[in-house]
Amino acid sequence: MASSQHVLLSPAELAYLHASLSLTPPIRPDGRSPTQFRPLVAETGILPGTNGSARICFADGTEAIVGVKAEVERTAQRPGEETVFLEEGGAGDDEEEEGEAVDKRKGDASWVEMTVEIPGLRDDDSGTAFLSAMLSEALLADGEFAKRLWINRRFHWKLYLDIILISPPLSYPLPLLSLTTHLALLSTRLPRLKSEGDEDPFFDDDWAAAPYLYPRTPTSVAKPTATTTTTRPPITLLVMAVGNNIIFDPSKEELAVADVALAVSVTSTASSHHIDTDTGHPAAEAGRNLRLLSIRTIDPPSRLTPPAVANAANAAYGASNGAALGTQKMLEARTAETEAVEGVWRAPRGGAKRMVLGALVQKVLERGGVVDEVLDALEGVDLG
Amino acid sequence: MPITILPPKPSRPINNNNNNPSEDDALSDSDSGVDGGDADGDIPMHHPPSKRTRLTTTTTTDATTSIVTPGEQITSDPQWMRGHGTYITPSTTAITSSVAGTITRTNKLLSVRPLRARYTPEVGDLVVGRIVEVQAKRWRVDVGSTQLAALPLSAINLPGGILRKRTETDELQIRTFFAEGDLLVAEVQQLFGDGGAVLHTRSLKYGKLRNGVFVAVSGVGGGGGVVRSRRQVWTMDAANGAGQIDVVLGVNGYVWISRHVETPDAEEGKAGITNMEESVSTTMYSSQNDRIEVETMREIARLRGVVTALVENGLRVDEDMVVRGYHEAVEMAMVSAEGSDDIYLGGEKGQQLAAALTGA
Amino acid sequence: MTDRRRINGPAGATVPPIFDDAGLQDLTSSKGRSRAPNAIRKMYLKTGVTPSASGSAYLEIETSATPGVSGLKLSCSVHGPRSLPRSAPFSPHIVLSTHVKYAPFATKQRRGYLRDPSERDLGIHLEAALRGAIIADRWPKSGVDIIISIVEGDQDREASRLQGDEVWDMMNALSGCITVAAAALADAGIDCVDTVAGGVAALVQNAGEDSTPTIVVDPIPSEHERILAACCVAYLPTRDEVTNLWFRGDLPASDLDLYTSLVEKGIQASKNANRVLVGCLSETVE
């Protein structure tokens, strides 16, 4: 099955939806503006048995829960890397090591394990694998996240992210899962390390002293509008195009008439540790430093929709019987097959124009655009 | 603001009916039955547990609504007859409820209507359905019931007039009338013993749906949703120069909102019954939409928003509520910042709308 | 998903052995790119290799780590269009199912017999790329299976380090999968709007301090010090349309030009691969 679920809609419905979404401005079936998301209810820190957790639900009852659990794991040594000797060096070396600790931190993608559980789908379903690959890809794309899990040269944290949908999704669940994961990671805390150097790790058992995985600045709590330049977990947004319109957070029906749908992952960072690829540009003095992490095309279900039969080609149209179908009618039927007729639904063929793809990505990354507002709103969530 | 993220609210404010706030849920939920039930006839009744305030907004049953739970004994009096939603324990005469719902009495028949259940078809119901399967001589239609309903080829109006005989050609062309995914409005013609329904579209009112949008809400049986009422189909004048809009509230909770299409016979006058059949059936199986004005599309979306808001706030959906809700929504949009083009009715706006409808 | 039917070796925990070799260079240094930044590697494509399948193709891409030795080896077979099973619901379109599997011996780390999540992921990408290319409503009520075996992965066996993770290898594999599947689809006579081919471009940083990142097509991870971002594009040349786009990396959002030029380079790589594909198909006809 495709990456997105197949929906059964009649050709007349599809034609109507496509027509109303192609208007400028588009009229969405639920009346939202093109960049408007469905209202959410969110909370964090709901599961005391986890290192971090979050829950988000929609008004239609779709609900996602994410729990983050961390375990200490021994790091596999690979030949070619400098071997670790426990007894190496004396007290003097330790100070040196602390100085270069940032450079020595290494991360590996296998330190993060993400599972997505969607009721009604088999656990080996490709769609689920695609979703979890997309979410973990965004998390690991910059190579910085895994470094946070480094304890010392012999040990690391292994992070398990378990994403659960409570009921079968009523729309493509990607944005919901991504926002819930974002909040869960924000509320994740790892016990404070008490041991030093490469000895077996030993942790502080005071949970209140446990630092957050994503360190927080005091300004972010005080006022959400205050500019915070700390690194945030990535968010993945679903965005689609119909005609010239770009629509965010599409519902199931809207996705069924999409010309193209993209999942775009972005994050905001403190830019210090990144290799500056845009040295020629003046540094942004205010606002977030957004970074593009990943893009994936979502195969829109529109390609699987049944096509409509135009009145001209319809055997059940008019009083004429099937047998009385004249050559004139046959000719009309042929033109109806090749040309687009107004009000007749046709599943899109081919791919997306480069310009459209470019416009979609640009719209997402716009300064002060949707991503900024979504991140602002997420910052406003009380991290219990 | 493209996104609104709200903190979770505490569960709905408790609206106690029995004017006794000290006696909280815990007591009235218990099976003690001491909290002064109004014993109506021979049936011991409990007060409705206050959690289910949703029910008080509906007018499905009389004021003395009472809720029973599965396994709860309704009566041991042998004069009553057992109806739907109940069973009789062997070797006794006690009638026990088998579902959670409200007791209804029809003469000496006791039955329990479930609070929330899938649609159970009844003969004469107007339903909106979606074709899910095409078989050799019939269609299988999803009507939101426990089973798929059947629509035999013999129960539709064939193009070319009412007097035409069904031929083998029609059987071969069955998909040209209705194909998978198509929406239709039909009437329940007959019921099988197992609850399956047979539909028919042998009327000009019925047939394939186009020029509009579909929205599924829960069907009959408590809470919000479509309730059986006098009129399930009506045409209303929309605001902002949008012309006329048809609304079809299927009893099964499927709703269709579309642009009103003038039937040709209205202008041509009475051209005779056979002629009329012929001219109407030309568009009966079309899946091509007519040209729809932007204003009409906007008002259709607004109506859809009204229906969704009614359901999300646990209100019944019928002609009266939808029409009132629509006018309320139009007025709300007038005073809003975006003007009359603002058709969004989700989230808080929906609650505002519901409050305006119930508070009045 | 674990393999319950067979007894497999212990999962993870061990490191694949590296054998000492006379010509073994310094293990930690990368070798450097031997091709021009705009040149893709030579590839060999042949259709009709599996007589029992409706259509088939074989693709081999040379590795530049050791000259003359092949890198990626892909075999694709297409079964169909054939009628759907009786239990399947009616479909107005052809039902496409894609299946990508690494041979257990294709990569340094042995793969199991069951498809792991990354292989399923590749299958979905491939499906999205092909679904835009085929004219699905020409074949109602029928299905087609596209099965790709990755006989040999594109990994440099002499490098000991795993470069980041395997995702960059996956992009190369996906681009090969798209090209070979397009050839096999054409061989099976399934209607397509255009020939689709895959291309990869990457923003890389070469060894040495302060070297500016450059964009190269068809990157080999072991040739570069670090890959900052990469994208895999499935492109229809005559329609000028993209059917699948997969980007991964870390780019500043303020600088969209970098992203745009990366995609452009990916399209260019895809055009080059498409030339090989068209050449191979016309050769078969002659």
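Order of writing sets the chain letters: A, B and C. Residues in each chain are counted from 1.
The rule is short, and it goes like this: a residue touches a chain if its C-beta (ideal position, glycine included) is under 8 Å from a C-beta of that chain, and two chains touch if they have at least 3 such contacts.
Model, not experiment: these values are computed from the prediction.
Participant: Which chain is the middle one, judged by CA centres?
Facilitator: So the chain sitting closest to the middle is A.
Participant: With centres defined as the mean of C-alpha atoms, identify the chain lying farthest from chain C.
Facilitator: B
Participant: Comparing the two chain pairs, does A-B have more C-beta contacts than B-C, or is it the other way round?
Facilitator: A-B
Participant: Can you compute the centre-to-centre distance for chain A and chain C, using the mean CA position of each chain? Integer Å is fine.
Facilitator: Computed value for the inter-centroid distance: 23 Å.
Participant: Could you please state the distance in Å, as a whole number, between where the Cα atoms of chain B are centred and where those of chain C are centred?
Facilitator: Here the centre of chain C sits 51 Å away from the centre of chain B.
Participant: What whole-Å value do you get for the distance between chain A and chain B if each is reduced to the mean of its CA atoms?
Facilitator: The separation of the two C-alpha centroids amounts to 36 Å.
Participant: Going by the contact rule already set, what residues in chain A reach two or more other chains?
Facilitator: 306
Participant: At which residue positions does chain B touch at least two other chains?
Facilitator: Where chain B meets two or more other chains at a single residue, that happens at 179-180.
Participant: Which chain C residues reach two or more other chains?
Facilitator: Where chain C meets two or more other chains at a single residue, that happens at 92.
Participant: What residues of chain A sit close enough to touch chain B in their complex?
Facilitator: The touching residues are 8-13, 15-17, 19-20, 23, 27-33, 35-43, 55, 59-60, 248, 305-306, 308-311, 314-323, 341-345, 370, 373-374, 377-378, 380-382.
Participant: Flag every residue of chain A that touches chain C in the complex, lowest number first.
Facilitator: It comes out as residues 2-3, 76-81, 108-110, 123-124, 126-127, 129-130, 132-133, 137, 140-143, 262, 266, 274-275, 277-278, 281, 284, 289-299, 303-304, 306-307, 347, 349-354, 357-358, 361-362, 365, 367, 371.
Participant: Note which residues of chain B are touching chain C in the complex, please.
Facilitator: 133-134, 179-180
Participant: Given the complex with chain B, which residues does chain C contribute to the contact?
Facilitator: 89-90, 92
Participant: Sort out for me which residues of chain B touch chain A in the complex.
Facilitator: So the residues of chain B touching chain A come out as 1-9, 130, 132, 159-161, 169, 173, 176-177, 179-183, 208-215, 278, 281-292, 294, 297-298, 301-302, 304-305, 308, 312, 342-348, 350.
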